[in-house]
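In the two complexes below, chain A is the common chain; its partner is chain B in one and chain C in the other.
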Partner chain A sequence: MLGVEAQKPPKGKWTTAPFDPRFPNQNQTRNCYQNFLDYHRCVKAMNRRGKSAQPCEYYFREYRSLCPISWVQRWNQQIQDGTFAGKI
Partner chain B sequence: MNHQTHAFHMVNPSPWPLTGALSALLITSGLTMWFHFNSMTLMLLGLLACIMTMYQWWRDIVREGTYQGHHTPTVQKGLRYGMVLFIISEVFFFAGFFWAFYHSSLAPTPELGGYWPPAGINPLNPTEVPLLNTAILLASGVSITWAHHSLMEGHRKHVIQSLLTTIILGIYFTLLQASEYFEAPFTISDGIYGSTFFVATGFHGLHVIIGSTFLTVCLIRQLLFHFTSKHHFGFEAAAWYWHFVDVVWLFLYVSIYWWGS
Partner chain C sequence: MACPYQMGFQDATSPIMEELLNFHDHTLMIVFLISSMVLYLISLMLATKLTHTNTMDAQEVETVWTILPAVILILIALPSLRILYMMDEINDPSLTVKALGHQWYWSYEYTDYEELDFDSYMIPTTDLNPGELRLLEVDNRVVLPMEVPIRMLISSEDVLHSWAIPSMGLKADAIPGRLNQMTITSSRPGLFYGQCSEICGSNHSFMPIVIEMVPLEVFEDWTLSVT
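So, the complex of A and B:
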């Protein structure tokens, strides 16, 4: 037992990604990818208008919970290299 | 004296099925030699054997039908069934490539950017040469119908003119398509877009060449007075095949060139 404190969940409200009727089937790849795109598009649009990117947090949490970490890492690397295929 | 009491054609023994099968063996193993061992000899030998088989087999059919009179109405009916079934099998052949195209284009993967045409692909403008090609094939469908009616009406000169028109339109299509292939900004190795585009249009182009060849053979036979106004199944088979090629192009144009851009 490594200490009771360490085994309690961190404080705050933690919800799983809600059901998105746009992606009703078992294969949730598109769900992950769409939220990843939407987060980056949201941030870009907010920055262009000089507003805070706080509302974009929702998409961030969605794709972080849905997407495999390796995909996120790969896509972020592609964005850095300028080889990301999606339209952001 | 012997004579048959049925309407069917009991064909004399022929070596061409065997040489055809052997050519298939040589072509397939020749492909392996070409892909993996950098040698085209076996494949070229196989292709030569295939072409010789086709020439001699079909020449013999013309001899049996036109010169020896073995093609009774019953026999002709069998040949019609055969051609129809063959064309149906070709429909299924193309259906596979259309399936592949729609599978990939209706749900584009993240690797492609999630949209179609994929990231980095500049598709050909469907209102330029592809539209001209559509008009060419549609016109060739009209000219071949003219040829058929002229044949049925016994109008020899018109048959020759309209058949020649059809063939020239077919060659024009092929040349234009070849130039498009040469000038296209994308290649067959440009992801799934390149693969689906060139395999589907490539096989179609091959069928245009086959159809044009078939029509040319019909033209030669017409010049040699083989066809009558009532009996000209070789021509009809060529016409069916040509219309099939035209229909496949229409599907290609609407799916890949137009919707797919």
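So, the complex of A and C:
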């Protein structure tokens, strides 16, 4: 899994998660969850093709900005245990 | 913050709150005018000996007192909808901060760059310094840059709470498993207070929120000093 340290972008490139028109309303739960799923799916697809997971960094930073730390920790623990409910 | 015996709203800190204050003045004036007129008419009717008990047709006055209230309601609804849509405008936030409700404190996470998170407990009354506000001060304030749109994501780790800052016109429920988004833009620096606004147990009244709005350079220095 890519660590936070590896993801430090050049200064000024990343401020925060931009407005996502797929989730225009107040409830941003799905925004956080979707970016988390997209990151893991991206990493899995890139690894399967033997390519670098560098393009997946965008999803990583998005879910890092949006998702509460406890949610991310819980989901990562579930992935490790094999009990994560999402399709990756 | 709120003052003793305060009758009106707190001074506006965000552009939306300024709009809401003006709208409230406009609507309250209409309400006062209607109430005074009704009170006057009732007192007139009580103070006269004249009676007229067989009114049958009154088409003209009936038309007037149907159309006029409809016009008044439109005059209230149009500014109201304007502000409602203004609140939903798409803006480009520069920072994302998460506020998570717990029983009975708030925790804040700034995870755009490093992982900065801390808890914010109320300072007990016995530990207050002179001049500090009872039931409103906290140990770690939410420091934010002013004049910049900030995305606040509110959630909860246990029961329902609500994150509210009256002077900015902000309130969003903290619901476990859900992320509610709000945009904060402060027009000025300073300290802005709020309190938990959804009953959440015995210390519901004792988990306040304090936002410290500072210039961007001061905010950057603060983030360096706490990480």
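One rule holds in what follows: the second predicted complex is superposed on the first by the 74 of 88 C-alpha atoms of A that agree within 3 Å, B and C clash if a C-alpha of one lies under 4 Å from a C-alpha of the other, contacts with A are read in each partner's own complex, and residues count from 1 in each chain.
The rule is simple: a contact is a pair of C-beta atoms (placed from the backbone, for glycine too) under 8 Å apart; a residue touches a chain by one contact, two chains touch by 3 or more.
This structure is a prediction, so every number in the text was calculated from the model and none was measured.
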Clash or fit (per the criteria above) of chain B with chain C on chain A: fit
Which superposed partner A:29 touches (first chain B, second chain C, both, neither): both
Winner by number of chain A residues touched, once chain B and chain C are compared: C
First (chain B), second (chain C), both or neither touched by A:87: first
Partner chain(s) touched by A:37 [first = chain B, second = chain C, both, neither]: first
Which superposed partner A:16 touches (first chain B, second chain C, both, neither): second
First, second, both or neither for A:70, with chain B first and chain C second: second
Closest Cα approach, chain C to chain B, once both complexes are overlaid on chain A (Å): 8
On chain A, positions contacted by chain B and by chain C: 29
Chain B-facing residues of chain A, complex: 29-30, 33-34, 37, 71, 75, 85-87
Of all residues in chain B, those that touch chain A in their complex: 107, 109-115, 118-120
Contacting residues of chain A [partner chain C, same complex]: 4, 8, 14-19, 24, 26-29, 31-32, 61, 64-70
Interfacial residue positions of chain C with respect to chain A in the complex: 90-96, 98, 100, 109, 111-115, 117, 151, 153, 155, 157, 172, 177-182
